[in-house]
Each structure stands twice: as structure tokens, then as C-alpha cells.
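For reference, the structures are reproduced in the following blocks.
In the two assemblies presented below, chain A is common to both, partnered first by chain B and then by chain C.
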Partner chain A sequence: MVDFLIGLFLASLIVALFTTRLYRLLLWYSMNSLMLGLLALVIGDSLDDNAMILTGVMTILIKAIGIPYILKNLSQKFHFVRQITPKIKVQYAIMLVPAILVFTFYLSEPITHMMHTHANYVAISISALFLALLLMIEHRNVAPKIIGFLSMENALFLLGITATNGMPMLVELGIFFDLLMAIVVINLLFHKEELQV
Partner chain B sequence: MNLTLLLLPSIIMFGVSFLKSDRAKYILAFSSFVILLPIVELFLLPKPYNILGNYLVADNLDTYVLFLSSIVGIGVTLSLLTLDKHVKVSPNAYRKFYRFFAIFWVGLIFSILSNHMGIYWIGLELATLSTVYMIKTNYTPAAHKEAWNYMIVGAIAVSLILFGIILMYASAKPILGESAMEFNLLLAHAKEIPSPFLFEIGFAIATIGMFVKMGFFPMNLWLANIERASFYPVAALFSGILESAVIIGFFRFSKIAMEVNYNHLFLFVFVYTILTIFIVSFLIYRAKDFMRLFSLSGIEHMALVVIFWVSGAPFAALLHFGAHAFLKPALFLATGVLESNGKYKIAGALRGYKGKKGTLFWFLISLFILAIISLPPSPMFFSELYGFGAMINRAKQGDHILSMLVAIFLLLTLLSIIFYRFVAIYQSMKYEGETQEKKVYTSELFALILFAISLMALLLPTSLTYLQSIA
Partner chain C sequence: MILYCITITLLILLAPLLLSYIKVTKMLLLFKRPISLFQGYRNFSKLMHKETIISKEASAITHYAPFLVLSPLLIVLFFLPPVVQGSYYVSFVDAFTITGLISLSTFFLMLLGLDSASAFGGMGSSREAFISALVEPAMVLTIFSVSLMAGNLGVGQAGVNLSEHFPKEHMASFLFSGISFFILLIAENGRIPVDNPETHLELTMVHEAMILDLTGIYLAIIETAASIKFIIFASLFAALFMPFGFEFSIPIAFLIFIFKLFFIATMVALLEVNTAKLRLFKIPNLLGLAIVFAFLSLITFYVLGA
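Then we have the complex of A and B:
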């Protein structure tokens, strides 16, 4: 089950890299977060870790539902460009993605040897981090860059779950709080100000 | 002493920022003075002092850093009183600036006082996010672009730090459990970490994140462009406060990494910082405006602080850091007056001041500029003497005395380029260009006097003894 969910997590991120429409990108981010939340629920259940289960529920509520909904509203309010063509052409991106995956598995080999549990998952979370960075790099528009930043945060969350069997609850809550703060700041950045001197 | 007392000034500031009265800006400035009270009390308490369990612990190092930050905060709020005299700022943007300044201060208190890697990161992220909007208070397309730039690059940098923290936590969790997040426990058990390589990888990644946030290689111009685009108090906050929060994290992480494998840490950090100074020195040579000049010089000084720290000269590092924390915000705040007749006018910037206030202003700025290039009796002169001495002592203990001497020679060459450029700029400011009258306001002069007094206080025997006790 965990293998299946982690596969879907990675797949949703890869599909997001090839998306050319903003709402589709939001959908794939939402799916990515949903898989992450479900992963936290499954791993938390197997470890009998209530804090991780709670984190999984919050991930689904905030990241899979709340943030995509807010971003969609923002995009309608501020008339975002919905056609988001990546700078990297599809034929190159299709070669780049497997190259990143192979490279990160090779790169993280010395680390994964030291992990007692979920060794391959750590490699996947590091590759997800690189793919999220690629998502930020390959777009000119701000909206996909925001999704890239949020996906990067998902990758780190996955690393936290898999490398450490979950971070302390206080840290997880703090990260959620910062994420919400980021959304508030993003909202303010989009506002068109009027100079009233 | 409890956490509420430390957070009270921020809460007052946040609340007052919603008032639309003209007097609000004086209350806002006054509320920054209140920050000093709990910090002075912290100085008097026995250390380490647990403020919030094992999560927030005050020791000599973080009390010192918090004190420096509060002085900078007061200086910035004093100069904010006359911000509208130098730049176009709407009352609404001004109030929002303070609102985010209050949030910034909360994040800062958490990250500086944290004894927990997770809380350190949360505080740093909060401080980073709040500064994004401060950049945006300057309603120009350049500031708008740079605010986004800061949001994205800053997010990548803090993500790298979190990535590193997770790996460090994973490396020590088998022996310490959830307490592997606590700095003091990690330091005490550093030699028992079962996967030192994993810890070192985590440390290297977190360090790169922190260095990116401070504008080190390869992001040397990132911070300079942001500070150029935003209002000058933002640059002062960056150089005097935000960088303090970042560097204290480096101090804490590196103390543990020194116990794990000192040679690896030293080589990695030393090469990285020399590379940074190499690039920055040439960028300073080409700098054509005050903001970029001071910003790049800030990167150079933070790189020196890092080199001194890892070379086994924490006293020199802390002295240099303290001097920089006072000098750089003072210079950034002065750009409001220096650039009042055009953004990029260096020639004649120190001319055209009349009256006692004007004379005092140009005299103080001259001293600050000469102090930043480490001319005696600047604290930076003494810190560099101690720092370079410590580097040689460190090399004597190993077999690398020749390579260390080459590195010191290279560093001194690069510093001399910076020295030459600053002297040329100072001469241009004083003796070239047309004389255009500039106005200096009392509040900003007070801010500069505060920084000058603080700088002198840093050289008092009691201050030096305190720094030695931290080291």
C-alpha cells in the first residue's frame, strides 16, 4: 500500500511538470498532497503514531483541499494567466525527469545505506525535491512557481516521514503554520496597491 | 521572566499598527524601546535560563545576539519616523510595514532563543515570510519583482535548511529519540551519533541554505538587488537582524559538526567562504551605488565572521559580528539622506550638510565608512587581528601551515581591493561632485548616535570580557 501511494505521489508530481494549464496544475498538486496525506495515515497507522495520523489528516484538509481552493480563488480574483507553457520543451523534459530520478537514487545511495527503514523512500523524496525545483525553474509565471515551492515543501514532508518516522508534532504544526503564513503573504503580494501619499 | 514579556512589544506593535491616528507612528517607535527591557533582564539572569522548557533556552550567546538585534530594531524604528520625508510611502503601507515588523520580531525571538532545530527553522521561516511584505511596501515594479524573487529564493534557502535539519535529526534519532532536535543534547552526544556521515551531509545542506540566505556564493547579487529595490530600513533589518538569526543557527550547527569531524567542517566552510569573498571583492570593486556597495560589503563581513568562527576564534567572530551588526544598519539608514538627491549619486554625497546636525551626520558617516574597512580603532580591526592570528595558530597545530599562509595572503589581497574601493568612494563622496543641500532629521541622527555609542561600548573591557566568556 505504501509503495502504491508513494508511486502515485511521484507520478502526480511528474505529470504536474508537463501540465500546461493552471487549473490542471492545481489539481495535480492537490493529488500530490492527497497521496502524501494518505501516506502519513498509512505509515502512522502501522507505527501506531497518533501524531502522524493527525498530521496526515491536516495535510489532506489543508494541502489537498484548502490551499488549491484558495489558489484557484486567487487566480480568478487576480486574473492569472491560465496558459502556463513550460520553458523546457516536452521532449527534453521527458529525458530530464528519468535522468533526475536515476541521478538522485545514485546520489542518495550513501545516505540510504544508513536508513534502517524506508531506504528507497528517502531517495524518492529527494528526487521529488529536485522535481519540485525543476517545476519552479521551468515556468516564467508566478503561479506555477508557487506550486513548485509548495511541492518542494511536500517533498520535505515526505522526507520527514520516511527518514525519521515522523518529525516531532510541534515541528509539523509549526510548518503548517508557516505554510498558511506563506499563503497570506502570497495573497498580499498579488494585491494591486494604490499609492496614497 | 517569561515568554509573554519577550513577545509583549511585538504584540503592542501589531495592535497599534491598526490605529489610523498620526500619533500611532510615535507609539510604534516607542514600543521598539520596550524590547530592550526583557533583554536587559535576560542579561542579569543566570545562564542557561529555560524560558520555555527545553525549547527556548537563553544562554550568553543568544542573549548577546538578541541584544544586538534589539539595538538595531530601535535604530530602524527611529529612522522610520522620517521615512516619508525621504521616500514616497503611503500611511497604509507604513502601518503594514510595522505589522509585519512585529511578526518578524516574533519569528526572530523564536529562532535566536531556540534550543530546538525545528523551532529555529519555524522562527526563521516566519521572519523570512514577514520580510517579503516589507520589501513590497515600496510600490515600484522593481520592488514588486524583488519581493517575489525573495519569496522564491528565500523559500528554497529555508527548504534547504529544513532538508539538512531532517537529515541531522535522522542521524541522531536512534540514540536520542525525539530529543535529537535539541541543540544542547546533540552537542553533548555528538561523538555518539551512529551515522556521522549522514549528520555531515545534513549539516552541509543546511549550511548551504544559510549561506544562500546571507548572499554567499553563488547567490552574491540576490540580496544586493533586493536591498536596492526596497526601502532603506528593510536593508538595515536584513543586515542587522535577519542575518543575526541566520548566523546564530550556523554557530549552533557548526559547534556540533566540529565535534563530529572538525577537519571536514573546516575544509568545507573555509573553501566556500574564500570563494565567496573572492567573488564579492570584485563585485564591490564594480559597485556603483551605496545600497549594493553596503550589501556586498555585508556579505564579505559575514564570510569573515564564519571563517573566524570555524578557525577556532569565536571571540574574534563575535566581536566582528557585533561591530558589523551596528555599522551596517547605520550605513544603510544613512542612505536615506545620502541618496536624497538621486539614487546613484556617490560623488558629493558627503557635501551640502549645514548646521550642527548636518556636521554631526557627515562626521559620523565618515567614521562608519572608515570603520567598516577595519581602520583602527574600529572593533573590526581588532577582530581581524585576533581572527587571522587564530587561523595561523590553527594551521600550526596541523601540517598545513603553508596552505594557510597562502589562504591568508589571498584573503588580505582581496580585502585590500575592498579597502581601495571604499577609500576611493569616500574621497568621491567628500571631494568630488556638486554641492547640493541635504536635510538631516533629528530622529535619524539619534539612530546614528545610538549605533556609534553601541560600537564604542563594544570595545569596553566589560563587553570584551563578556564576549570572551561566550567564546
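Then we have the complex of A and C:
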């Protein structure tokens, strides 16, 4: 089950890399976060960790529903460009994505040797980190860059829940508040941009 | 042996029904009054009674090609994984044979398009060549990675192995190859993001453009071939990517299999309603995604073993 969810997590991120429409991108980000939340629920259930179940529920509520909704509202309010063509051509992205995956899978091999449980998940979350970086690189517009940043945060969260068998609750709450702060800051930035225009 | 024959007959009989089912689902979702579920059979019998007219420019190819389009697909039907326990199956036929037979059928379809010497036919053939050339690498990679997980190169044996002990530890790479195969199912059968089977608009035609000049019995054969191609892909998907329900008793196993086929058809119909058709030169992007997922499935299997 965990393998299945982690596969869907990576798959939704890869599909997001090839998306050319903003709302579709938000949908894939929401799917990505939903898979992360379900993963946290499943792992938390197997570890009997109530804190992790709580973070899973919060991930689904905040990241899978809240943030895409806020970003969609923002994009309607500030008339974002909704056609977001990646600046890296698809032909190159098709070669780049497997190259990144192979590279990171081999890169994380020493780490996976040290770990006993969930060894593969570390490799997949590091590759998700790189793919999110690629998502940030390949777009010029602000909105997809934000999505890239948020997916990177998702990847780190995945690393947190799979590699450590559960971080302290306080740290995770802190991350959530950081994220909300980031959204507020982004909102302010848009306001400022609008004033200048 | 009797079960084997029943399976093949069932697949052939179900094939037109499944395509009509997709159409009915789409019409219901678009709030239109749906056609009958048996429209596929009605069309077939209507076309069988019609007079066959062939263009004056057409050569002998037009007389042979419809049969040569249908026959490789009929051969593929014999190589599919078994549906019920105790059924006879061909274990030694691998992915290359099936891909090769399907592309043989596509080759004759393209010849048929070129043969009528109309501008439309040639255009449709060139588009079909373009798409099927891109489908092939992803198809081979996908079926290979599934065969690796199943531990056998033969497609029939792979289906049996998967349903006997499902590779739970390889769930991630299994999922990736499933996504890749679903994209291929849509691309090879000319469903909406790649080709629209319902219109005769120049921009959207791929499959329809090639068979525009056919009438009567030849058109009936080609349409049967299209529906059989869909059921081949659907039953490969059902056997390789939804390997459950094999261990039940024979009638229940058949019912589960038919249910799986209709489930796949529903998924295709939902996708068709929800997406717009891609521009022709955007299709490599979609198929590139299929190649990425197929490759990802292989490297996840090799490097991570997940």
C-alpha cells in the first residue's frame, strides 16, 4: 500500500512537470499533497503514531485543499497567465527526467544501505526533491515557481515521515506555519506587484 | 481447451459491445439521449448487407488489405493471458510478437489508406505512422518491465504468474508501468486525446481518414478490427495490471473479467469526456510521458527493487 501511494506521489509530480495549464498544475499539486497525506495516515497507522495521523489529516486539509484553493483564488484576483509553457522543451524534459531519476537513485544508494526500513522511500523523496527543483527551473512565471517550491516542501515532508519514523509533532506544525507564512508573503508580493503596475 | 475457445469467442462477441458502451457512457455524461448498447452489432449487420463499391484508382491491395488488417489481430487474441483457472494458454509468446502482429495490422491499414489515392487517406496514413512509431518503444518497455516483475517473458505466463503471487514489493514500478500502458491503450486505439473516432473533421482524423473510401463488407471488417484491437488492449490491461479474480470458480471468474473490461471502458469514456483533443504535434509529448513512465518503472525495479 505504501509503495502504491509513493508511486502515485512520484507519478503526479512527473505529470505536473509536463503540464502547460495553471489550473491543471494546481490539480496535480493537490493530488501530490493528497497522496502525501494518505501516506502519512498509512505510515502513522502502522506505527501507531497519533501525531503522524494528525499531521496526515492536516496535510490533506491544508495542502491538498487549502493551498490550491487559495492559489486559484489569487490567480483569479490578479489575472495570472494561465498558459504556462515550460521553457525546457518537452523533448529535453523526456531525457532529463529519467536522467535525474537514475542519478538520484544511485546517489541515495549509500544512504539506503545504512537504513533498515523504508530504504527506497529515501531515494524516491530525494528524486522528488530534484524533480520539484526542475519544475521551478523550467517555468518563468511566478505561479508555477510557487508550485515548485511547495512540491519541494512536499518532498522534504516525505523524507521526514519515511526516513525518521516520525518527526516530533512540534517540528511538523512549525513547517505548516512556515508554509502558511510563505503563502501570506506571496500574497503580499502580488499586492505589491499590482500596486506598481 | 473448451475454456480457451469460449474465452476467444467471448472476446470477439464482446468487442463491438464495449465500443458502443464507451459511446453510450459518453452520451449519458454529455446529457444526450444515448444510442442502443447493441449499435455495434447493428452497424455490422447493416454494412454486411450493403453494396461494396471500390474506387477506380484502387489496386488489388484494397481487396486484400482489410483481411490482412483483421487477421493479425485475430491471431493476437489466441495469445492473450488466460481468464479462468484451468484454461489452456500459449505461454511462450512474448511482447515482441504481440507488438509485431499489431504493427503488421497497422501497416496494412496504412497501405489501405494510401491505396485509394485520395489526399485524405495519405494524410491519415502519415499520421498513423507517426503515432505508431512513437507507441512502439514505450509498449516494448512497459511489457518488458511487467514481464520482469512476473518473472516470465511470455505474456500469457506473466499474466498467470501475476495473479498467482502478486508482486506486492514491486508495487511502485507496477503502478508506473500501469500508467504507461493506459496511455498506450488510448494512443493505439485512437481515443480522444490522440484521435477523435467520432468526427469526420479534417484536423482530427487519423483512423477515420484512412478508411474514408471503404464501404460495405470491407468497412465492416475494418470496424471489427478496430473493436478487436480495443478489446486486446483492454484484456491485456485487465490481465497484467488488475491481476485478481483468477482463483474463483469459472463463471465468477468470467464475470469478474467482463466487469474489469467494462471498468476499463468506463475509465476511457471518463477520460474522453474530461479532456480536449491534443494538437497533432503535441502527441509526442503525451507519448513521451508514456516512455518516461515505462523507463521509470524499469529503473525503479532495477535500482530500488520497489
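Definition applied: the second predicted complex is superposed on the first by the 191 of 197 C-alpha atoms of A that agree within 3 Å, B and C clash if a C-alpha of one lies under 4 Å from a C-alpha of the other, contacts with A are read in each partner's own complex, and residues count from 1 in each chain.
We take it that a contact is a pair of C-beta atoms (placed from the backbone, for glycine too) under 8 Å apart; a residue touches a chain by one contact, two chains touch by 3 or more.
All of these numbers come straight from a predicted model, not from anything done at the bench.
*Asks:* May I ask you to decide whether A:A11 touches chain B, chain C, both, or neither, giving the answer as first, second, both or neither?
*Replies:* second
*Asks:* Does chain B (first) or chain C (second) touch A:I137, or do both, or does neither?
*Replies:* After superposing on A, A:I137 lies clear of both chain B and chain C.
*Asks:* More chain A residues touched by chain B or by chain C?
*Replies:* Counting residues of chain A touched by each partner, the higher count goes to B.
*Asks:* Which holds for A:E153: it touches chain B only (first), chain C only (second), both, or neither?
*Replies:* So A:E153 only meets chain B here.
*Asks:* Determine, under the contact definition given at the top, whether A:L129 touches first (chain B), second (chain C), both, or neither.
*Replies:* Touch partner of A:L129: chain B, not chain C.
*Asks:* Examine A:V81 and indicate which partner it touches, taking first as chain B and second as chain C; both and neither are also allowed.
*Replies:* neither
*Asks:* Hey, what residues of chain A end up touching chain B and chain C alike?
*Replies:* In the superposed arrangement, which is not itself an observed complex, chain A uses no residue for both chain B and chain C.
*Asks:* Write out the stretch or stretches of chain A touching chain B in their complex.
*Replies:* The touching residues are 110-111, 114-116, 129, 133, 136, 142, 145, 149, 152-153, 156, 159-160, 163-165, 167-168, 170-171, 174-175, 177-178, 181-182, 185-186, 188-189, 193-197.
*Asks:* Report the residues of chain A in contact with chain C in the complex, numbered from low to high.
*Replies:* 1, 3-4, 6-8, 10-11, 14-15, 18, 90-91, 93-94, 97-98, 101-102, 105-106, 109, 112, 120, 123-124
*Asks:* Once bound in the complex, which stretches of chain C touch chain A?
*Replies:* 168-176, 179, 284-285, 288-289, 291-293, 295-296, 299-300, 303-306
*Asks:* Across the complex, what residues on chain B touch chain A?
*Replies:* Chain B residues touching chain A: 55, 84, 88-93, 103, 118-119, 121-122, 125-126, 129-130, 132-133, 136, 139, 144, 147-148, 151-152, 155-156, 159, 162-163, 166-167, 169-171, 173-174, 178, 181, 195, 197-198, 201.
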